[in-house]
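Pasting the structures in now, so scroll down.
Two complexes come next, and they have one chain in common, chain A, joined by chain B in the first and chain C in the second.
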Partner chain A sequence: MVVSPELIMGGLVSGIIIGSLYGLAALGLSIIWGVLKVVNLSHGALIALSMYLVYTLSVMYGVPLPVALLASILTGFLLGIAAYYLFVHRVLGGPELASLLSTFGFGLIILGILELAFGGIARTIPVSQHVIEVGHAPIMLVQIIGAIIAVAVAVGAYLLLYRTWFGRAVRAVVMNAEASALMGVNVVRVLALSFTLGVLFAVTAGSLLSLAYSFTPETGTKYELYSFTIVVLGGLGNPLGSLVGGIILGIAEQLTSVIVSGSWGPLVAFLILLVMLIVRPTGLFAKL
Partner chain B sequence: MEAKNILRELARGRMITNITVAAIILALLTIGIGSLYSETLSYYRETLSTFMMLFSVVLGLNIILGYTGYVSFGHAVFFGIGGYTAMVLMYYYGVNVYLAMIIAALAAMAAAQAIGFIVLRLRGAYFAIATIAVLEAFRVIVSNVEYLGGSEGLQLEASYYTGYSIAGYRGQMSVHYIAYFLLLGTVTLGLLLNLYVSRSQFGAGLRAIREDEDAAEAIGINTWKFKTLAYVLSSITPALAGAIIAWKRNIVLPEEFFSLTLSIESIISVMLGGAGTVLGTVTGTAIYHTVKTIFLTSFPSLHLIIFGITIAFIAEVLPMGIIGWLRLMSTRLRFLLE
Partner chain C sequence: MESILEIDNLHTGYGKIPVLWGVSLRVEKGSITALIGSNGAGKTTTLRAIVGVLPTWKGRIVFMGEDVTKTPSYLRVEKGIVLVPEGRGIFPQMTVYENLLMGAFNRRARSKIGDSLERVFNIFPRLKERLNQKAGTLSGGEQQMLAIARGLMALPKLLMVDEASLGLAPKLAIEIMELIKRIREEEGISILVVEQNVHYALNIADYAYVLETGRIRMEGPANEIAKNPEIIRAYLGMH
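Moving on to the complex of A and B:
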């Protein structure tokens, strides 16, 4: 196969577009990891869940797409609060394995429900096929809108963390939970809200990704590993780092798909992850 | 408690463990031999074969997860490496299963050495995630390499099995019986390895790493060497089981051999019984496997949900596992339950 400059260009552009969605998903993982010191192994399942929520509402019940997206995100928000108190609160401060297992258990419950309700058949959500040429590369309008939303949410998250009272409380808890409690910060509420925020980002990304690709309940695993890779690339708790990491991964994946073959795309992500873990586990943009 | 009493109780505990382990192996052997002569036992032969397959992975995992404290979330990677190595040897070169098993185990040990060189630098959640990534990477590679059958896998011809025989059963008729005894041998080896780790100075070093790796390093334990060896040892029985299962099912498939589910099932089993205990591996795997078999037959579609609830329950309520919890209950039990 001849790899033309147009193909490379197309890979770059779609990599940036899809990568910003990966970045948003990773931001969800990164905030929970950074603030609660919990690696949320239900991350992928929550992403898959949000995809099926959009599917159920828009395809099965004919709800308009924007409403379906909002409903899916709102459900994710409520689920996040419930999940914090059911699966996370009790294992905080315990051994790492406990939080890994309990969030993984939560993820399996979601996966089980999805398998039960929808089976393993790949689903797609029919969207407007309107295409825009970006530097000779045809990109679907929906994907561009999705990317814009993703960037906006990531910037919003940055402002929330660095420009508001809540953000200051979150950063205080990260530095020293006991001292922040003494200063009048409601630590449990901050933790619960941070977890919910993380889930919110994951389901927002999932809802938007459901418009770009077909999905099965298993799809979440792929995005979960992508998110780990991006968090390790971009550093913990750094919204803009996640976004940049996501775009790097998106470009790497899309270029591999263009140059080699689509099924090798995920392998690139795992290789990046392994190399980063060895070379620089604090991330590319971590302040030293 | 006086030191003399403690030693006596410890010796008694070892005796209890030895007897339990021997009794389990003997019971499994009896059922296996019985099934050769009585058709009614074939159901037990198959159920116990699946049990021993899981148990082989669990016994490997317990060395790295239980004793050393490294949460390997992708331990099925060694099951897959074992299965695929054996299948390539059998499919392309017509090697018999016994030799294929040995080579598969050696290949997995070499792979563990190489993978460990990368992932054992990491600790905690980073290690866990890296092991998942390794497992997924292997699956993607295997599904894309034509020599390994791609996503269709490799399948042995019926004619391959003509040379095998046991107690009058020949060819494909003999496979289920032979596989049972091979799995039993693997499980026996795994139990011996665990007993060795549990009782040796090497095992004490691993526990020191589990409790505090920096302190272990500071008191002169070569932690790198210890955990690499632990990782290599932990790959043997999963690889043997993978080779046997590949031969028994006559097919290898990427999703079934590099399976996250199998990795998770073995973590559940280790945790349910009590990580880092010999009796816990048996208890955990037996309970998990029984419950799973019951639920899979009565509510096949609910198994993921049940998995999930079990895992979350163990993590939140019983993080030490059943044997671990009993050991906490009294000092005496702590010495008696190994």
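Moving on to the complex of A and C:
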């Protein structure tokens, strides 16, 4: 196969588009990790869940796609609040293994339900095939809209963290939880809301990604790996870092898939993760 | 005189290990009260229980006539109980300005930020020059000033200052103590200071309590405590 400049260009553009969604997913993992010091091992399962929510509503019940997306995101938000109090709050401050096991268990419950309800067959959500030329590369309109939403949410998250009272409190809790309590911050509320925000970002990314690729219940695992790589690239809790990290990974993945093969994506993610951990384990950007 | 804070028979500790065995003390309105004692006596623990980041096991905490024993700490802060913690607890990656804003986080203080900033800069002019600097890059003395200034931003009615002199050169420590005195005089805020350096504390305080292994051992006007032979032998011998 000849690799033409058009193919490279196409890889770059679709890398940026899809990478911004990876970045949004990673932001979900990153916020929870940064604020609660909890590695959310249900991250991938929540992403998969949101994909099936969109699928169920739009394909099985014929709900209009934008409504299905909003419903999926809202469900994820509510689930995030419930999950915090059911699986996270009680293990905070405990040994690290406790929160790993607890969120991993929550993830397994979600995966089990998805396997039971939908089986392992790959599902696709039919979307408008309308295509737009971006720098000679044909990109689906749906994906462009998804990327715009992802960038808007990441910028919104940045403004929330750096320009609002709530965001300042979140950053204060990251730096010194007890001192934050002394300032009159309701620390438990900050933790619960940060977790919920993290889940919200993950399910928003998942819902949008469900329109781009086919998926099975196991698909979430791939996006969880991508999220870990991006968090290492972009630094903990930094929304713009996550976005840029996501775009870097997206470009690497898409270029690999035009030059070698589409199935090499996770390998590239692993390689980036490995190299970053060796060369610059603190990430490319400053932390929160 | 009317008291702003009254603690009655306070028991608390960490995990299952008791640290305070029934501490009772009061802070009079507009006074500087000192809580002194050696390392590990339970001074910091007392302050943390008063502000509510440590639960009270037994006993009562009454603030301005209201029982706050079971009130969550963020509401106690809003009522005006403010602690400047040992080790300062500033937010290092935030600017000085953001740290001051964090001080005014409680709802009562938030609407008066402009006024508060002006008052704080009047007492700590040096902070005004450092407003956009990351707090972590300040010197030790400046960080202590920021910590106290941040406490003032919360509009405290009772300001508790834990070990303000710790780790500072004597000249700087005395300067900080003088500033605490000025805060009482100019702002009329009641103050509870905890100090390992008994000399500094008794110098600015009106009344003092001596804490020993979780119990109040002695109390009295600060100038009398300073003359007590036992206190001189145990705490003031070095000075």
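Criterion: the second predicted complex is superposed on the first by the 286 of 288 C-alpha atoms of A that agree within 3 Å, B and C clash if a C-alpha of one lies under 4 Å from a C-alpha of the other, contacts with A are read in each partner's own complex, and residues count from 1 in each chain.
In the analysis below, a residue touches a chain if its C-beta (ideal position, glycine included) is under 8 Å from a C-beta of that chain, and two chains touch if they have at least 3 such contacts.
Nothing here was measured: the structure is a model prediction, and the numbers come from that model.
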Practice item. Identify whether chain B and chain C fit side by side or clash on chain A in the overlaid structures. Key: fit
Exercise for review: Figure out whether A:Leu277 sits in contact with chain B (first) or chain C (second), or with both, or with neither.
Suggested key: first
Check your understanding: Which of the two partners, first being chain B and second being chain C, lies in contact with A:Thr221: first, second, both, or neither?
Key -> first
Exercise for review: Please work out whether A:Asn186 is in contact with chain B alone, chain C alone, both, or neither, and reply first, second, both or neither.
Suggested key: second
Check your understanding: Which chain makes contact with more of the residues of chain A, chain B or else chain C?
Key -> B
Practice item. Go through the superposed model and pick first if A:Arg168 touches only chain B, second if only chain C, both, or neither. Key: second
Check your understanding: After the fit on chain A, how big is the angle at chain A between chain B and chain C, using C-alpha centres and going to the nearest 10 degrees?
Key -> 90
Practice item. Could you tell me if A:Phe106 is touching chain B, chain C, both of them or neither one (first, second, both, neither)? Key: first
Exercise for review: Name the contact category of A:Asn176: first (chain B only), second (chain C only), both, or neither.
Suggested key: second
**Study point:** After fitting on chain A: smallest Cα gap, chain B-chain C, Å
**Key:** 16
Revision key, fill the gap. Counting only contacts in the complex, chain C reaches chain A at residues 51, 53, 72-74, 77-78, 82-83, 85, 89-94, 98, 101-103, 105-106, 109-110, 150, 154
Revision key, fill the gap. Chain B contacts chain A in the complex at 71, 73, 118-119, 121-122, 124-126, 128-130, 132-134, 136-137, 140-141, 143-144, 260, 264, 267, 271, 301-316, 319
Revision key, fill the gap. Within the complex, chain B is touched by chain A residues 33, 39, 87, 90-91, 94-102, 104-113, 115-116, 221, 225, 228-229, 232, 261, 263-264, 266-267, 270-271, 273-274, 277-278, 281
Exercise for review: Please name which positions on chain A make contact with chain C in the complex.
Suggested key: 165, 168-169, 171-172, 175-176, 178-187, 287-288
